[in-house]
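Next come two complexes built around subunit A: one with subunit B, the other with subunit C.
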Partner chain A sequence: MSALAGFLDRYQERESLLHRLDARAKLPAALGFIVAVTFTREGEWLTLALLFAPIPLLVALSRLGAALVLRRSLLALPFVATAIPLVFTRPGDPVFELPLTGWTASAEGIRAVATIMARAWIAVLTAVILVATTPAVELLRALRSLRVPALLISTISFAYRYLYVVGDEAQRMIRARDSRSATIPGARAGRSVAWRAGVAGRMVGSLFVRSLERSERVYAAMQARGYHGELRFLHNPPLPRTDLALGAALVAYGALVQAAAYLR
Partner chain B sequence: MTPSFATGIAAGAGLAPGPALHIPDGFVSAPVAAAGWVATVAVVALSVRVANRRLEERAVPLMGVMAAFIFAAQMMNFPVAGGTSGHLLGGALAVVLLGPWAAIVVMTAVVGLQALLFQDGGLAALGANVLNMGIVTIAVGWAVYRIPRLVARDSRPVLLGAAFVAGWISVEAGAIATAFMLALSGTSPLNVVLPAMVGVHALIGIGEGLITAAAIAFVLSTRPDLIPGAAPTRA
Partner chain C sequence: MKTNGATPGIERLAASGMAALEVDDLRFAYPDGTPSLRGVSFRVAPGEKVALVGPNGAGKSTLLLNLNGILRAHGGTVRVFGEELSERSAPLIRARVGLLFSNPDDQLFSATVLEDVAYGPLHMGLPEDEVLARSREALRAVGMAGFEDRVPHRLSLGQKRRVAIATVLSMGTPILALDEPTASLDPRSRRELIELLDRLPLTILVATHDLGMVSDVLPRTILMDAGLAIADGQSRLILNDAVTLGAHGLEPLSAHGHPHA
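Moving on, here comes the complex of A and B:
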């Protein structure tokens, strides 16, 4: 297996209740719960705490370990920068002034940013648990239960399958470039940024031609096996009622918490 | 794992400074997320239908491998300065190579995979993200790529110039759309987020334009038959 596979495959093999649950129940449940989290209004700390409450339970049930889930949940962190200005621009009670800039942070601004970050974090935690307990193939098949057009699911499934192949090809090209690009420590390497972008661009062009030709070979191979425009999926096993009930329970809990918050 | 491989992976995962347009969940309000879904579902449903009719039974293998290609092309980073690196978003490249309908399906697959499997962009926010990165970039990239070719003949410099500007402007358009969504959600004040996004992506967009044009130049030299309108005038 290539190093790429370690990065692309986020599934963590474990023996747990969450791993055994049908993806057709898990995916809509996670999505519904995340939508419920999205509805949280600013400063609703109790709502956020109640929505966070199932997460430790799910982590324990999944036997993934808190460290793994926490580490992966930090992925969305760089985007936080887009919300930070709100601390200073939202009018309200001044809390502190940023030295040199003359910007004043307001209590309302801090409250808004904290809410956004908490919402984002709970949503990411939910998604991380889903992806770590469900093989990617199952997840893609489960898209059918969300009424995604079959052609789009087939395309996405193909993309996932060939990510490994085309990604490996890309890595070999990057490695080839690196091995031809000797640098002297401290000295400037290569030419201008535009020249470097041009090198990357020609690699992309080369990768395109190789990928397109691969897709033609793949298509020919599929035709040789009797393909005529329609992918056949294995027959779906029946969806266990208990799985569906557990998924529905999570969504119902999220909806109930929000309903209580909005009606209060 | 070599450092460049690590940065390549990081770029692929959206960690390196590249186009920062994958909105996580919680950053868009429920109404904005819902509006994003409505627009995306309508456009993608139409695109899937048209692409399927045009490509017929080749549709799935072609668009699937092309989505994997765009995903991998986003790993092709190049050093800019101070340890940062630029990389591709791919919308303009996809539309030049595949035409608008197939490009929308391909970019939807890319952005969808990134959200579903890699938490790069939110799930509830996926509609908004596909709209910004998969539809707006392609619509604008397509329009910009066409305009100079309405008035000038399809020569190599015209095609490459158009591809460069299309790459640049498409990233700007995606950044503007993202900024407006964040502002409408109350996540970021427009007078801060719009200039910031436009400014940062003006630079990133130049990288996008350069990579897009260089990629098209390579394809023009090796397989001119793959670029619509370029086959007879091989440079």
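Moving on, here comes the complex of A and C:
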């Protein structure tokens, strides 16, 4: 159902300069810029600020709206939070002590975690903007032109294609179950949590079996159309020079900021 | 099948003049904004057997999903034996409206046929011996007695459909709403299913393209197109109205023959 498509697909339809840019320029530019960001040393606040500077510009150019980009970038927070223990494990000047635990936070630890978080946030923002302005199909095409192995690309594109099918299947099963989950007056409905968990477990199992059977059918259908281990694609149109130049500009800016930081 | 204690008997209800199902100005749109139901109204008396026909995308399946609160209408009301469908009443309504989905694989999720048929009554909190009695009775009613310990995904499509019907019968719902029950069935399985629908003493609503089945066992037809009920009346009149049928992407029965004549 279309609800699921809206949930899974991160692409946002807009009319903007960033949307029009060729994915083969956008993807390497975003990756290159993220690599540049990862080179930032601890406590280089000026470098971080300079690297953050293009983000508001990109958001404006993409017409995505700051709120959407911010909201999506927060999804990466739980992963970044795994760096927090560094605050206590890194030796250095004690700043405060966590009550009851006897753990001492060090200034160096706080600085390290703040840097890691800022770096990760800039990288995530870049990726969010890339994915929101580029349809998934074009990202795959760009990966191919970057000579990513065909097998990997096939795997990603199948995952993308059949995630919807399996998701829809799961949704229909849940509807069918809910439809039979009735209550009658004078009886407690739903039995026990364990029983309901057992039902959910069997649903997952049958979804897995159905996915496996589907994969066999899909593979047979592909073989029937001449598949023998490699997907063939239509040739790509030439990559516009201006798109390439704009992508290169972003990477060059990141590299320049880092070079200045390291030479200082 | 006997109905559960929560619902009065069909004969008494029919005599009282209360509708089994009352749909009033029902409206629904999918999240992408496509309107699917644009104000559908009808009334079904207890024991009536009604066909919902119309082209693909007419809103038939969406309507069925709105009858027991799987989808929440954006406007209008659904009343089942006088009880209005709402967030709160949905679990009670589901004990009265059994929904059969078009793909039985969506419906059958348990390891064995018996477990699946037992799901509904078990969820209601009925005692185990009654659950077992109901489940066996439901399987017998659909002609699948003896298949209790079979694995659902090893059954033929016709058998899966009948087991799926049993999963709803075991709940004792007085209303049965079926989505495309005869699709892709071979002639014999189709015939058996049609006879089963004819036999069941329930209020039945069937969304279907199988006009042969409609003329055989469903005396009343509601013709839907583009989210509206276009026509509502006796099946034999609507099914012979070539002009109206043609205008909504359907063909009168004689045009595609009587496959089971």
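As a convention for this text, the second predicted complex is superposed on the first by the 217 of 264 C-alpha atoms of A that agree within 3 Å, B and C clash if a C-alpha of one lies under 4 Å from a C-alpha of the other, contacts with A are read in each partner's own complex, and residues count from 1 in each chain.
Following the convention adopted for this analysis, contacts are C-beta pairs under 8 Å (C-beta built on N, C-alpha and C of every residue); 3 or more make two chains touch, one makes a residue touch a chain.
Computed from a predicted model, the values in this text were never measured in an experiment.
In the superposed model, A:V87 makes contact with neither subunit B nor subunit C. Subunit A has more of its residues touched by B than by the other of subunit B and subunit C. When the two structures are aligned on the shared chain, A:V218 is found in touch with subunit B, with no touch to subunit C. By the touch criterion defined above, A:V209 lies against subunit B and subunit C together after alignment on the C-alpha atoms of chain A. Applying the stated contact rule after C-alpha superposition, one finds that A:T38 touches subunit B and leaves subunit C untouched. In the superposition on chain A, A:R175 makes contact with both subunit B and subunit C. With both structures placed on the common chain, the touch criterion links A:R72 to subunit B but leaves subunit C unconnected.
In the superposed model, A:A187 makes contact with subunit C only, not with subunit B. Legend: residue contacts after superposition of the two complexes on their common chain; A:V165 is shown touching subunit B, with no touch to subunit C. Of the residues of subunit A, those at positions 3, 169, 173, 175, 178, 190, 199, 202-203, 206, 209 touch subunit B in one of the two structures and subunit C in the other. Residues 3-4, 7-8, 10, 30-31, 34-35, 37-39, 72, 75-76, 78-79, 82-83, 85-86, 89-90, 112, 116-124, 127-128, 131, 136, 139-140, 149, 151-152, 154-163, 165-167, 169-171, 173-175, 178, 190, 193-194, 196-209, 211-212, 214-215, 218-219, 222-223, 227-229, 231 of subunit A are the ones touching subunit B in the complex. The touching residues of subunit C, counted against subunit A in their complex, run 4-6, 30-32, 34, 65, 68, 70, 91-92, 94-96, 98-99, 101, 103, 105-111, 119-120, 122-126, 152-153, 167-168, 171, 173. Remark: subunit A residues 1-3, 6, 169, 172-173, 175-185, 187-191, 195, 199, 202-203, 206, 209-210, 213 touch subunit C in the complex.
Considering their complex, residues 1-2, 4-5, 8-9, 12-15, 20, 22-30, 33, 44-45, 48, 52, 56-69, 71-73, 75-81, 86-88, 93, 97, 105-106, 108-110, 112-113, 116-120, 122-124, 182, 186-189, 191-193, 196-197, 207, 210-219, 222-223, 226 of subunit B touch subunit A.
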